[in-house]
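What follows is a set of structures for review.
One chain, chain A, appears in both complexes that follow, with chain B as partner in the first and chain C in the second.
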Partner chain A sequence: MGDDTGLMTVLLAMFAGAIRVSTPFLFVSLGEMLTEKSGRINLGLEGTLVFGAMSGYAISYHTGSPWFGVLVAGVAGSLFGALHGYLCKLPKVNDIAIGIAMMLFGTGLAFFFGKAYIQPSAPRLPALSLGGWSDHPGIRQALEINPLFLLGVGLAVLLWWALKNTRYGLVLRTTGDSAPAALALGININLVRLLATTAGGFLAGIGGSFLSLYYPGSWTEGLSSGQGLMAVALVIFARWNPIYCFWAALLFGAAGALGPALQSIGISRGYHFFNAAPYILTLLIMIVSTSPKRSLKGAPGELSITK
Partner chain B sequence: MSKFQLNRRSLLQNSAAGILGLSAAGIAKSAFASDLTVGIVYVGPRDDFGWNQAHAVAAAALKEVPGVTVVEEESVPETIAVQKSMESMINLDGAKMIFATSFGYYKPFVLDAAAKYPDVEFRHAAPLWTDADPKNAGSYFGYLDQAHYVDGVAAGLSTTTNKLGFVAAKPIGTVLRNINSFLLGARKVNPDATVQVIFTGEWSMPVREAEAANALVEAGCDVLTCHVDGPKVVIETAEARGIKCCGHNASQAPLAPNGFITGAEYKWETIYKNFAADLAAGTVLPNFTGGGFDVDFVRSTPYGAGASEAAIAAADAARADVTAGKPIFTGPINKQDGTPLLAAGANLDNYEPSLDQTDFLVEGVIGSIT
Partner chain C sequence: MADTTETLPLTAEKGRFSETLERVRRSSEYVVMPILALIVSGILFSIFLFALGKSPVDFFSLVWRGGFGTSFSWQNTLARSAPLVFTALCVAIPARLGLVIIGGEGALVLGGFAAGAIAIPLIGVVPSYVLLAVMLFASMIAGGAWIGCVGALRHFRGVNETIASLLMFYIAVSILNFFVEGALRDPSDPNKPSTAPIGSENMVGFIPGTDVHWGLLVGILLCGLLYLLMNRTTFGFAAQIAGGNLRAAQAQGLPVGKLMVISCAIAGACAGLAGFFEVAAIHGKANASLIAGYGFTGILVSFLARHNPLVIVPVAIFLGGIAASGGLVQRRMDLPDATVLLLQGLIFLVLLVSETFYGRLPFFRSKGAQ
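Right after this comes the complex of A and B.
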């Protein structure tokens, strides 16, 4: 019986953790998915995430409106995206190198402007209580869901549908799969890529604002600790499919909750191993799902890493 | 041609004025023998609600001392960068005293710099100095476990579930000692109290710290404390979940207006001011200085709204006891695996050197080091 309740605690903690932790992964990976579908890779989203976290927190503090903070974080992110998109259209510019530069730039700028906002306390985003039907406090706590999470889920479905069924989706996929074909169709490749990177930056900025305005819910310099980079890897792992991005984000969130949850029920030996669970999981799934005989399914043909 | 001459003339004039100014400054400086420039290097931002803030608060107090100038640099990584920072403080700012405040600065950076600049005093904030090290280097340390013991007493009277939670970074001696003292404090007033510990494995990892805090709340803990570099996230999570909390390193009272009980804080300013006074008086600085409540190196954060009357009274009494030298480790105490650490009637002095290398958790702590 004791084991059963222990198992339930861990499963519940992983479920709650998946919902709490996954939102930034979800937004950044959806943004990166859009960018990569257009044939470019933007490694700078880690910097965008951190800058989004800082700017969202700062604006929420000054205006008292966390939702306005989210919007500003998105706009700031889209500026970073637009800069990346513009620089990459110049001749002989490598998108990966620009991405790394943008990552350092975004983080550095966020630290510089963020100094003044470590101490003050800004208004946070509210949560929706969807667990009223249950009298189990753990379940009720797990179902304190932030609207951004639901927005992310809706966005994943919308993107999945739009990529398949709309003209915009077709233009984006064509640009990403074959630049010559897109040119022949009269598509302005650079414009499409600029817009896709800008939109990707917007989503990553929103993901950052979730970190500082909801969970863990404060601005510190170590806030992201690499989540933006992991989300980029997550896109490959999710095979450039928005719905898979959602599941992958949930999986990473749950895996991140595993270490603390196991320790909380007294299974604490080897916590380093459990804390590394998300990374081990990524490796395993990558190994299992690759094949030397074909390129990755769903990979945009123009992407420099798969070319 | 004429332009060049003009430039050269103004250059000559300027440099002459500069040399005059410099020598005047030099004269002015030597007129006050007590003038002292102190350099302080931090590993993170000075306002992290934690380790670095505790040092920065002390630096601000040191600036108030007449004749003392403080130069600071924050977010200096534990690499060769810290040696460059220290050398620039010595060569450009004229620092005669350097405080290197992060654990990893010591070897080899502080040791190398101390050998290179024998007339500059280096002090490092961890008990690492040995007799083999340069005589112008040294260590200073506050025994924060004394304040964690007082926190434990207050926490033991504040819990209704008898479960206290502890979010810890890494299982090193100092951290384990704080956990043990926290438990011993809680057990002193509440024999049923347990401390559940979750190690995050990193000094600063906000998302995992929040997950750990939430997991402890799910496990039934109703008082949280922590030993991580910046306790902001743990304290805010505790407050958001409606439970009580005790602070660590610096004051986190403003972060938890409802649930804050008290906290374990360093009081580095006592040490810094002592050093500055010794240097001004020309006495030889101690190579190692450490202490707790008795020498005013640590303090408790003023009680918050989460502290009950009973908790305040018991914590005040416990602090008075420790200040008077009453031992925290009073037998009988078993280690976690049931092997006896101290028999009934035996005790360990609060400054017992073997406690520096604590590698065990005491009975009543739930959680594993490995």
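Right after this comes the complex of A and C.
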């Protein structure tokens, strides 16, 4: 009996954790998906995520409106994205290297301005209580869902539809698959990529604000440890499909929730490894899902990491 | 007749001289451009500081004083440069093959941990030079295997080495924490979870007359050795071909997979050595202090040095000096400690953008090509 409730608690905690932890993954991976669909990779989203977290928190603290913080985080993120998009346009400039530099730069900028916001507490994002029908406190707590999660789900569906069915989706896919074909169609490749990277940065910034404004819910320097980078791997695993991005984000969220969930029922032995579960999972997924022999299904043809 | 025979060698001499001059002028691009990039980032950072109401002049004079101004600051700088040399090599060697490895910090952490862990049963049992030799090899094997794995994953499974190496950094940190806070924790130290101290009598000493440990000298020697390996041997030549065009190298029958794994293993062993010296010369034990960001600054060092092992040493000293001045800048100007990180990020960005100007500035262009 004791084991049963223990397992139940772990499963509930993982379910709740999957929803909470997956939200930033979802946003960053959707943003990265957009960027990669245009044929470029932005490894700097890790820095964007951290800066989004810091700026969202700071704005929420100063204005008292967490939603305004989310917006500002998105705008800040899109500035980072635009910078990346603009710099990569220059000849002989490598998008992967710029991404690494943006990672350091974004993190440095966030830590520089964020020092003052480690102590004060800012108003956090409210949650929607969808568990009112249940008497079980665990289920109620698990169904405290942040609106950003629902927004992310809606966005995944919208992007999935738009990539397939709209003119913009076609232009984006063409640019990513074959630059010469896009040129022949009269598409301004650099503009498309600039916009795609900017939009990707916007989403990553929002993902970052979720970290500081909802879960874990405060600004610290160790807030994002590689989540922006994991999202890049996640996009490859999700085969550049927004709907798969959603499922992959849930999986990563559950993996991230494993450590805290086990700790909550008193299993703390080896919790370092449970906390490392998302990284190990990402690595395993990359090992299983890529191949040196064939190109990946759904991969944009212009993408440097899959060439 | 006599005139011409006399003037001939003279014109030939003149031709060779101007040819050398021409070559120097063209190759000076590789020196001038990074320096220009440094100057531009300095200017941009000054504007940033000015906008915040801080004096850029104060900042740079403090960086000078804290990093290079006095003999004390020089020693501080050099002590910080040693790990940077090793971690930069961890980026530079695979870069010859076109691989971008950014997880050198992971190999450093694991190398340091391996050194600290293997020492535990040996402390006081074996003479100190045996202990140090065992620790040295343990750290090199741990680091080499760690980054070697990245190379193998890249070759055999097509896993992107940049992402894989960074993910493995986080895994390395959790391995360190798991053991240091668990099975291998030294119970006599209640404050910070660490492995047992190796004892001051067993530690790597300082270069006579300084406060700089031998790691710096080893790093300089290693840079020279690896320069020879990458530029004067068939191995290095093969690696360079594989970096230039992978398919051409494969078509030539070069063992590309072997080259990748071996280069990555060498790279990892270098970063592991950084961990060894951190444990054996600075901390005396393995703990979370190993995670000090040297691996990430090493990326910038290697890029600034254009992945040339010989240039890595001066660049590492330069960036080590900036890092060493961080404390002084923080105290005197009331700037956060992330200032150095921000400056590094800015330098990195400007440096990469400077790539675009290679071959486009008229001064460096070859006269014949015009």
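The criterion applied here is as follows: the second predicted complex is superposed on the first by the 287 of 307 C-alpha atoms of A that agree within 3 Å, B and C clash if a C-alpha of one lies under 4 Å from a C-alpha of the other, contacts with A are read in each partner's own complex, and residues count from 1 in each chain.
Note that a residue touches a chain if its C-beta (ideal position, glycine included) is under 8 Å from a C-beta of that chain, and two chains touch if they have at least 3 such contacts.
Since this is a predicted model, take the numbers as computed values, not measurements.
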Touched partner set for A:L12, first chain B, second chain C, both or neither: first
Touching partner for A:H272 - first (chain B), second (chain C), both, neither: both
Which of chain B and chain C A:K115 touches, first, second, both or neither: both
Which superposed partner A:V192 touches (first chain B, second chain C, both, neither): neither
Chain B versus chain C as contact partner of A:T290, first or second or both or neither: second
Touching partner for A:A231 - first (chain B), second (chain C), both, neither: neither
Which of chain B and chain C A:V70 touches, first, second, both or neither: neither
Contacts of A:T282 with chain B and chain C, given as first, second, both or neither: second
First (chain B), second (chain C), both or neither touched by A:L213: neither
Contact residues common to both interfaces of chain A (with chain B and with chain C): 111, 115, 225, 270, 272, 275
Touching residues (chain side chain A, partner chain C) in the complex: 43, 47, 87, 90-94, 96-98, 100-102, 104-112, 114-115, 225-226, 229-230, 232-233, 236, 270, 272-273, 275-276, 279-280, 282-283, 286-287, 290-293, 305
Parts of chain A lying in touch with chain B, wherever the complex brings them together: 9, 12-13, 16-17, 20-21, 111, 115, 118-119, 121, 138, 141, 211, 215-218, 220-223, 225, 227, 256-257, 259-261, 263-266, 268-272, 275
Chain C to chain A touching residues, read off their complex: 100, 102, 153, 155-160, 162-164, 166-171, 174-175, 177-178, 181, 296, 299-300, 303, 335-339, 341-346, 348-349, 351-353, 355-356, 358
Residue ranges of chain B in contact with chain A within the complex: 44-45, 47-49, 75, 196-202, 204-212, 214-216, 218-219, 230, 232-233, 236-237, 240-241, 254-255, 366-368, 370
